[in-house]
């Protein structure tokens, strides 16, 4: 349920609503928009009626939301969330570009990649230090050493760093080095991790699970926000279908559906979404055209030698070509790429 | 297998290749490109070796194709197929726009729709006269009466007509009135129908089956082309996945994959692809941005009264808005919309 | 909507109900059970109220059905449909066993297969004369010659013949030779074919489409029954999922769901359902244990030389082993295999 | 790669093989069967040749395995793994029955459930103390209090306890109270958790992820075994498909495929697999008939009041009925239920 206050409701009226929610054993989550305030009521609202609030002074309306997600819903907050990452936004009019290798492999590799993607126009450097691998016998990442190399690349280029965190134990160390913490597809419903990220103080990039519905995905975001961290961006990276010619099936439908349901920024990952290098630019263009707020792209100085995901990683030159194409589409729909 | 001739091979050299193929009990399908000729070898080529042809005069190379499709493959024909429909192209640089109601319902409805979509820039009128319906108790279309109304709309507007044919029996009557015959998703592997369309003399718009792989879809096109009709366009209209918020999941990945594998034109159907009116323009933009050669969109003068698919049909005003957005994307990638 | 008459309603009361339905522009489908009569009301019942019938003499109740299928629904007919195929039943307590090669290849092959499956306990011989193949270049079946060989095998063994019909044009010739006409997965929503089978006078085995929902499948059966042919059996043959280790994913859940929703017999096809010879018996056992009324199994005298589906075909000896296992399961749940 | 020793190889020969593997920078995992010993070679074996081992004394053969899983593979260990849980086996000829409520809700509820399922023949009590819920606002379980109640129920009934662990942090406390630790579908690829369970000293029941392939599932098991814990059982609980009439689609094909690929025990979960109370027994029967080593079933004293999964939970009386049916199937295939 959420309680919407009138545009000129007083502080006392607001406080009374909050107090009443608490007195019912529920948790109030006030959300301040530019024109009005809304208080989301979190907890089992089964026995509470909207009428209990609708009659209070200063209240415009009280509604039971039909969707199970609340804090991430556009019904609760109309304006787009813009996440400020040390001066660089995720969300809003500007298209955000994240790029870099699948895994951090060496000092030379990550610095070379960082310089290249910065030059082509990226503002975020991606790179895995902790790698979730299907097999226990595959390369699992450089771990803390990888985080240090990412921080070094940030120092040298000014790029912000986004990297995956795979366990609650690693949240402190990843938070120490990274600007944005990524949750991988396999961990989308790792609730212990989601709850821990709710109090980590860093923005989170939440990837969609391989067969997660849009509703489940938004509920996973709700876990993080409900624990106190509103800085969550969603990343569509392809779903699992019967098609075997492509690695995954990027769900382009999810982009406009999400933009309509939630105020959180939506990023698309064409690299995992199709998994074939030569087709990554077409999918990046489509994502922006459909209304995504940014893209995250795998770029490697020498894809043929990559320790992971070489088949879908672009060379720096290919990434420059992709950026030219994406800028044209973004300009056409009047969205700047800084 | 296909045998590529040298750019300046003589007619006699070409004839010798064709003759040799026939002598092996196989069928030659000559394809004439702008620079060279290729002869596709159709039939069980298991016992034939490429070397049998490679040494012949005028032959550049002979290759066994790895993919099971041949005539529709870009390996066999490099240049894009452009289907000329009475002067209006499907395929090539120009983006083709098909629009109209799900079903032809009445004289007034189809004429009003035709005038509106023509005004907004469509060159094809779509509209179902024979409707495949999940239930035997639902509206099945006006049948021949519907075909006559489509022809009337063509007369009054100059739009070309694309409409579905559901059975071999109906091929003659639909061919009499329509410019392009559409095969619906449920009939993508109705081989009797595909073979019949191979000799119907009209272009075919072949929709992807609900759970068809890209390979199966191309093989369905191969059935039509192998019977003698090279004028086939492919239409991606969404696949079936676990997601329930959208009607289907438009497979945007299929667009660049198809453009790479086949020379046939690729159309996207955002209306069936997402099934939610307000999101149709976003998916149309994405389809064009990904490289599709055209779109097919459901437009109804009064969607709220439509006998079928009202929830995904645009009003004429909404379709005009979509066309403005699509023109901007098409212009950005330097593809004209006439 | 359906109107249930009281157990002792008179003929005049029954006739009045039928007349009233007709007077409303709808079609009555009377169904006679052992205890009572039900009249299904077919057509657009949107403007008709159950109360219009409930007050009539002899009427027990009138209900709008929530599911879109009517004639195939257990709500309309409680007792199991038992299809009598010249004295051999499909449906009822006895488990029905259909077996034979994927394709009819030669006189020797089909006779050898027929004798073997008869000996092991099958009562139906399966075998394709018309083969739907993904590629136009693959073996398409012996066509009418194949039908004649099936009829010859019936003559020599007494087995009933079930074989696929792929087009409306072929319905007469297939009906001439076969006892049961099979609709393949790819044609499950070929409505022209379904309607034609509604008047063919032969029992129909309707396979589930590759990605058909249970509801769509029952609606496809409804098409046949609504046209006048109540002798339809359903065949679960596996659905398409992301799993690549097996050919399809046999949906075992569909068995009890169907047995609850419909009175039609349910057959499982473990051969296509898993597609791996050594695992066919396990899936056949599971199907019977779940409540299926029969199985259809691919058996070939020499699977390694089969022109199609060799990888999933059993040898006669393997089929005998399967039958022993299936008999044990059937006996355990007190269902005889004649 | 794995190195198989001859039946009568000496200890010295065995030690030499192990030493050689270590000298190549790889890890040896000796597996002792009843007839022979096999040493699995774990690590990047790309540069090692089977011939390096095949010529050593006492070695029967050295083979590179085609599948990426090793320790869980039947190629490495032929005999079925039987997990001894304090005298009660999982795996082997006997069918293992686990039953109990979805969540532990109260002392009365869990004791009542335990007594009932024990009486009907279960040897394991299931019940969630930590509940993964799609929504952060739903009941999350009684946590440690729930574990204590499970231990109390074990004390009073002698049943072994299986319960879910959702995070690495909770592994110690769950290990303290439970006999078997369950990994839920959403955590199947939570690699930090899998690795932690590799050293927990307790048997693990690993559920299949919602859209996990069989190969990915076996690789997840491999993570646990590779870290030192060979006591892993697999639980098929249904996959996600397009079908909406059932909660999930139980993949019955997975049962024989797994029994062929791995030596680990395979349990089926008909409750989550179909999600409809009245159909749970049919799916339980099918699972056993297909070759599963056990079942896990949701049973609640009063399903209509359950805090979770009420729609698929059986009453104690219904569970007794299910057990009677399952015993009949198990007896038919000569597998005892103690």
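Here the chain labels run A, B, C and D in written order, and each chain numbers its own residues starting at 1.
One rule holds in what follows: a contact is a pair of C-beta atoms (placed from the backbone, for glycine too) under 8 Å apart; a residue touches a chain by one contact, two chains touch by 3 or more.
Keep in mind it's a predicted model, so treat the numbers as computed, not measured.
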item	value
Selected interface, A-C versus A-B, where C-beta contact pairs are more numerous	A-B
Most distant chain from chain D, judged by the mean position of its C-alpha atoms	B
Where chain A and chain B are represented by their mean Cα positions, the distance between them in whole Å	37
Separation of mean Cα positions, chain C and chain B [Å, integer]	34
Between chain A and chain C, centroid-to-centroid distance (C-alpha), Å	49
Chain A residues counted as touching two or more neighbouring chains	211, 240-242, 244
Complex interface listing, chain D residues touching chain C	211, 213-215, 239, 241-246, 249-257, 260, 273-274, 276, 278-279, 282-283, 285-291, 325, 328-329, 331-333
Residue ranges of chain A touching chain D (in the complex, touch as defined)	42-44, 68, 132-137, 166-170, 186-187, 189-193, 195, 209-211, 216, 219, 222-223, 226-227, 240
Chain A - residues contacting chain C, complex	211, 240-242, 244
